[in-house]
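In the part that follows, the structures are each spelled out as structure tokens.
Shared chain: subunit A. Partners: subunit B in the first complex, subunit C in the second.
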Partner chain A sequence: MNCAPRLLRIQNFRALTVCLRAIVPAAAPFTSSHTHSPFLHGCSVQHSLRSFHGSGALQKNRAIAKDYEEKSEHEGGKSLVTHDDLFERVAQESRTKATFNRVLDVFVKQDIRRRGHVEFIYAALKKMLEFGVERDLAVYNKLLDVFPKEVFVPRNFIQRMYNHYPRQQECGVQLLEQMENYGVLPNVETKVLLVQIFGEKSHPMRKYQRLMYWFPRFKNMNPYPVPHELPQDPIDLARISLSRIAADLDAKVTVHQLPYTDITESGEEVSQPYIIGVQSPDQRSLLAKHNTSRPVFVEGPFPLWLRKTCVYYYVLRADPLPPEERTEEPIDPERCFFYPLELDVDLDRDLEDDDSFDVDEVVEGPVFAMCMAGQGDQVTLAKWISALQETNPVLGRTATLFRLESGPGELQSAAEPEPASETEAEPGPAEEAEPLRSQRMKQ
Partner chain B sequence: MALTPMKQITTLHRGHFLTLSPSLCSLVCGKRVNFMGEYRRPGQPRDNTPPWKKIQFSFAKGVEGVQKHLGLLKDEMFQRFVGPQGRPLQVHMQEQTQVQWEFRGPESLSQWVVSSDREIGGRSEAYLKLGRNSNTCLLYGTLCSTPPRDGETRYSGYCTLRSKQPMMSFDRKKHYDWSSFNTLYLRIRGDGRPWMINITAETYFTHQSDDMYNYFLFTRGGPYWEEVKIPFSKFFISSRGRIQDEQHPLWLDKINTIGFTLGDKADGPFQLEIDFIAVCNDRAHTEEFAYEVYKRNPEV
Partner chain C sequence: MSLNGLFRFSKSVKFGRLLSPRISQSGNEVTPYLQSERFFRTHTRKLAYAKDLFLGKVNKNEVFPYPEVSREELDEINQFVSPVEKFFNEDVDSKRIDHEAKIPPETLNGLKELGLFGIQVPEEYGGLGLSNTMYARLGEIISLDGSIAVTLAAHQAIGLKGILIAGNEEQKAKYLPKLATGEYVAAFCLTEPGSGSDAASIQTRATLTEDGKHYLINGSKIWISNGGLADIFTVFARTEVVDKDGQKKDKISAFIVERAFGGVISGQPEDKLGIRGSNTCEVVFDNTKVPVENVIGEVGGGFKVAMNILNSGRFSMGSAGAGMIKKLIELTSEYAGTRKQFNKSLSEFGMVQEKFAVMAQNAFVMESMAYLTAGMMDRPGVPDCSLEAAMVKVFSSEGGWVCVSEALQVLGGLGYTKNFPYERYLRDCRILLIFEGTNEILRMYIALTGMQHAGKILTGKIKEMKKGNIGVALEMFGKKLRDSVGRKVDLGLTGKDGVVHPSLTDSAKKFEENVCVFSSTVESLLYRYGKTIVDEQLVLKKVADVLINLYAMTAVLSRASRSISIGLRNHDHEVLLANTFCSDAYFKNNYWMTQLQRNSPENNDESIKKIAKEVLSQRAYICSHPLERTY
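So, the complex of A and B:
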């Protein structure tokens, strides 16, 4: 039933190509220049050449026209093919940038008039994340190139006044919005394409201008920048995150234990998780002053987000001192001979010079060290504590309690030490670990 | 500047406008008719009940309301003898810093509204509670950026905390006057996620009711507190989640609310701890507005 009209169509098509072959050589110089550099021509030239627009493409894509015929025959007269389908057929092989580009090429060559390009672009935008090209500017530009050029440019003031080709413009805006959402800054090529497709004052062009105004402004605003591509190695990742949360440039990241997997002679698999810690000189001196009769706590895991990755860290801390034990240490005047570190004189402070905030301070216990480990169990963290003893001998004389939670906890310490929480922190194993550590210190 | 039909745009900040109205409705006098109406999810039938049927009169609530409003009225009448805004004149004139919100006790949490994309059909969760030492507030929950399957909403995944609009007696609006300060000061502890600070000011026209002034708040993460200073000149104006082309500085004389929004598309748990929120006067900061105002941004 379908056969007759299809045959007729193919016949027509061939006849058209044959007759175009005769015509085209004469028009070729105009058309080729016209398709390649539409910018250089004035308006009048464009208008006069307009009728040749399709023919130029036809001549160029003669082979593809044949391909199209084959393709339509291959599809068995199925007129309605979704574009998702096109992507999914390719995705069976592999989902890479190359295959994504190939789909775009196939679509562009399939039909010179680019029928259904809006639907195709919407489908492609949805599939970009799957193919892993959502942050690739070249792919966005190539996708924008799917729009036919100069068709949607308004040509008179009435068209310019109304929303010319609204569906296509919305599609273009949607494409730019996806770029915006993934943080891709468009470039000049995008602008040239947009001008070619939609004209100078179209909605996609305005969206482009907005992106170009606001993006560079907010680009380097984050005071704690995170790279887009985080390192795959967990040790490098831990290094980055620990130096970030240490909030001290003097803090030193130490690799206490490298990850290690081995099979012993008896066939057992022995694996050691990595342990990486960070401690700043200030924290070390705080720990040296710590009263050994009070326990220190290993708490965690606490989450830290680096863009879309979540890592967990553990904290060694103590409870805040009760108010009667708090003492202000006087600053040693001989610490610096060149200028006084503390001035006791009453500087000429005016009544309006009080810049302090009228709030009660939140009292929290001191933080002595932070670490990240491959496993969050007590054995691993006890190893960290024993490794810390090399630089902090106080830890050998202090009781260490583990307050580990199964899930990520909230980052807080109680104002007063709660006896209940200490009992639930399983002091038994901690005390067991105690003699072990002191033995090591003696060795 | 809506480029696409308004229906399609489900903005990040849409949730903010929803939460405020139910919490403020008073007992007998019907709530102010919201021009745009509440957010109606796609496919949800329109609520056609007439407003007089929504009135739920109860005697106990009435007595409570009278007590509350008369108490507020009494405060207003007698506070003016102490000084402007109930504080001595000397303090009012000489202060360089002012703590606006602090979290010291459970009643301080009642000044805040938490909402998430539940209202538009999303799956994020957000909760607010006092910290373990009850001196801070902890905003925690889970972010999930899967859009609801209603066929129209394209983006989802936000959690937000917003202060309530302060009210005088008889449900008249009260505003914060920060015109003698130029910097917002926060003491926070986050988990490395970026947040957005939203400030709404009193506006005159109805179409400005969704205007917000936004800036970003980056957290470092880790066990230490951070002190963040953000000059008010950095805040840019947006409406319904879209940055506006025509910018102008935030007018500080009538500030209504402040809010914190998380929407960084990273699915998972989050937490933000706030110690206090204050305003201060940074004398070293002289910038009036960080963006061009002599022309549209961008000029189109």
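So, the complex of A and C:
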């Protein structure tokens, strides 16, 4: 009973809009401004009310089935282009959440029947990344709000049995999927909207339920979460990265050298790359015990990925001790005042209580310190080593060898030396001369 | 570590022998025989009671009958005790000492006049020359004020002990008389900022001057009790020693340092939770010139001196704790008897009654353990009771903490205020779990000393079993089978030649059963872990706990048997306490030993370790807040 008058109204409304277009040409290109829409809105409502008593012939002519074809005919199949255009035009001003929202508002208010909303939503989904709102739940909800309410809710068992309004449902699922891909968790508002739009047991609703089942469970899976927004400052980024690699709460990050650029009297540009190192007390004591007759190595660059950013680090390490030098220090019997540290019993652990796995362990050499630098050349890294000498005097007596490779970053930066490149450029010795500092550590 | 060497070392110490004639054995009929036998076998006497429990052996002659003092000695003790008791009741204002964080000089002088600064210093050096038993008896009263007890203990239980047990005649003659009268106060300087129990991290260094007549000591020592008062310090410092191979090596030496030598700087007294009246501060030695004659023992032999001092001073803590609890029972029972709620006095409520039972039982057990140990130490021969003393310390410090807390609970909110002494007792007795070796470290000592002892004897057998020697394996299996069928364990405590009174038969049987299971547990632990058991601290903790309970059971069985046999007043109460404690301890022991079985579902050690590891790796409590949500 309820649907008949509503259908009537829709028919009426459609007719009116057509009229309105003719009357008010300014309304068609709705890009012009925000202020138009209230007027537009008010207008259509007024008209729709009045046209309730309009002729029945109009309604008969335009059946719902034909609705869509009609529209595409009318708009010349350009709907998608139009919506893209809409965003493009706004984008000329600025690409922000506010402008994105304004486009949504304009679309919603311009046509109470939301004609072409599916195309519009698809277009909007694509544009979200550009506008930087791809992780914004409010925007997704607003976008979902574009769907007309209650129209696609199945009303009887036959509708429920078949795929009711598949295009619209597909679109809703797509929207949720994009949320999923960006790790945006829906909220109750999303649920209410979905229920209003598609009903309790629709596909988008199922999608929502699956999201809500898995997402919270996976949210804190990573024991070492990386922040969504990485700091832009390369020094802060290096701090984060180094404390991540060090995995020792005692490890101390030291800024050995701050970056600066200066122009000397002779007009020569002198720039100093930053050098940031990390060393834990354990590493320091390990280094202090290092046999000075053996060299230590500075190796790198090694890549570290933080989400979409790749940074490079260098390590100071030594070769593992040869087996003949690996001696365990005997426990001094006069060490503990209170109890024996060792039992004088000639029995080993029983096999059944030996829980250790039989693993072929590759012996690796000790790593004494790590660093990140604005420049990966030997000169810069030598500065790091000399800075380390202050706390590790043993380095002054030990030979330091630099085994620097040209990392993958360098290859890429050589191939595409534009500053916007996504990968880090960490030039090897070959590229030292080039002033590439600006592009390093950039996302 | 060569423990034997240590024992030999302690054998050379003479003070035990000086006091020995005062002590005689219990008054029942076997005494003359036992005594003469003991005299005969002084050197072959088994020195180990607790250690042999690891092997399932109960050397009942060591602990039965309960040690006694002679009539004359008892009178002498009582003569000593009454003035001391009077002094503590009338002249010691504990509240003021606690509040002002200082013991008033007149109180200290009173203590000196009573001779309490030289309780164990031999009479020839001007001390009281009391036995360990009498020292324990005095400790009961002294413990009524924590600050005074700690000041006196720091002075004589560790401060001057070095001179007493390892000093030469000249050193004794020079220092002991003045220390015994309290003219000089002593302090023990071992702990350093970087070194608690670890000798390797001692930084204080003593260097020989060029003329070879003096040592220059440099370094700082922290948490030195009496550090601000003391005139004589026993200082441990690193010295360069040439060892057998002709190599130079750093070893610890002990020195007697007088404040008058110069360069001794005491820091500000620490502001402590409890025992506030005792003086604890940092002591810095800055080029302190110490003559070579002031080295205690040999140069480089300081480690053993330190170990012996630490091991010898602990037994009195049992009587001290008991003394404190006895006093608390008096104070709180008055309140429980008079305070009425719902027309009933507090003493009629079951849960209040339970608190008094706990206090009485703990006091009884502590007392029994303390005097049993003191009696063993006072015996002729050269007893090594460090294991027993450590057990007394662990048991009584923990029991004391529980009891003081229960006593405070009886008074409820009143106990929490400063109007009553309970909060002070609570603060004061917290230190007992910490000093003289923390309870954790002492548990390691208790368990490992026994494991070492058992390991020496069982290694051969276990190796045979591991090799698959069917004979040994079958013997083991047969023994286990017989045990499981329910053969009664009989270690000879009861029955025809029994030493336990028949009214304690059940408890004695429980004890015997526990000992039997304990020895097989120890054997299986050695089989399973071998020498890597050193790293299994949670296992060792349980072993130590079981052993402490076994020793406590021994002590109460022995004491209650004696009391009932000679008809002491209220011996039935003692029997009741002994039986209650034994059945309680029996269940606890069984539980712990079940946990020690392989793949025991009761054993949560792995989970405990994992929890700790996860928390410690983040250095924080890592659970999400209960109000946190993910969507």
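Following the convention adopted for this analysis, the second predicted complex is superposed on the first by the 302 of 443 C-alpha atoms of A that agree within 3 Å, B and C clash if a C-alpha of one lies under 4 Å from a C-alpha of the other, contacts with A are read in each partner's own complex, and residues count from 1 in each chain.
Following the convention adopted for this analysis, a contact is a pair of C-beta atoms (placed from the backbone, for glycine too) under 8 Å apart; a residue touches a chain by one contact, two chains touch by 3 or more.
Everything numeric in this text was worked out from a predicted model, so none of it was measured.
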| item | value |
| --- | --- |
| Subunit B versus subunit C as contact partner of A:269, first or second or both or neither | neither |
| Superposed model, subunit A: greater residue contact from subunit B or subunit C | B |
| Which superposed partner A:229 touches (first subunit B, second subunit C, both, neither) | neither |
| Which of subunit B and subunit C A:352 touches, first, second, both or neither | both |
| Contacts of A:343 with subunit B and subunit C, given as first, second, both or neither | second |
| Touched partner set for A:302, first subunit B, second subunit C, both or neither | first |
| Subunit B versus subunit C as contact partner of A:329, first or second or both or neither | neither |
| Touched partner set for A:212, first subunit B, second subunit C, both or neither | both |
| Touched partner set for A:249, first subunit B, second subunit C, both or neither | second |
| First (subunit B), second (subunit C), both or neither touched by A:310 | first |
| Common interface residues of subunit A - those touching subunit B in one complex and subunit C in the other | 212, 217, 352-353 |
| Residues of subunit A defined as touching subunit C within the complex | 185-187, 212, 215-217, 219-220, 249, 332-350, 352-353 |
| Complex interface listing, subunit A residues touching subunit B | 170, 173-174, 181, 201, 203, 205-207, 209-210, 212-214, 217-218, 221-224, 241, 244-247, 302-308, 310, 313, 315, 317, 351-360, 362-364, 367, 370, 408, 410-415 |
| Of subunit B, residues touching subunit A in the complex | 3-4, 90, 94-97, 99, 102, 104, 131-133, 135-136, 138, 140, 155, 185, 189, 191-194, 216, 218-225, 243, 245, 265-266, 268-271, 273, 275-276, 278, 280, 291, 297-300 |
| Subunit C to subunit A touching residues, read off their complex | 1-3, 190, 197-200, 251-252, 303-304, 306-307, 310, 437, 441-442, 444-445, 448-449, 451-452, 455-456, 459, 462-463, 466, 526-534, 598, 619, 624, 630-631 |
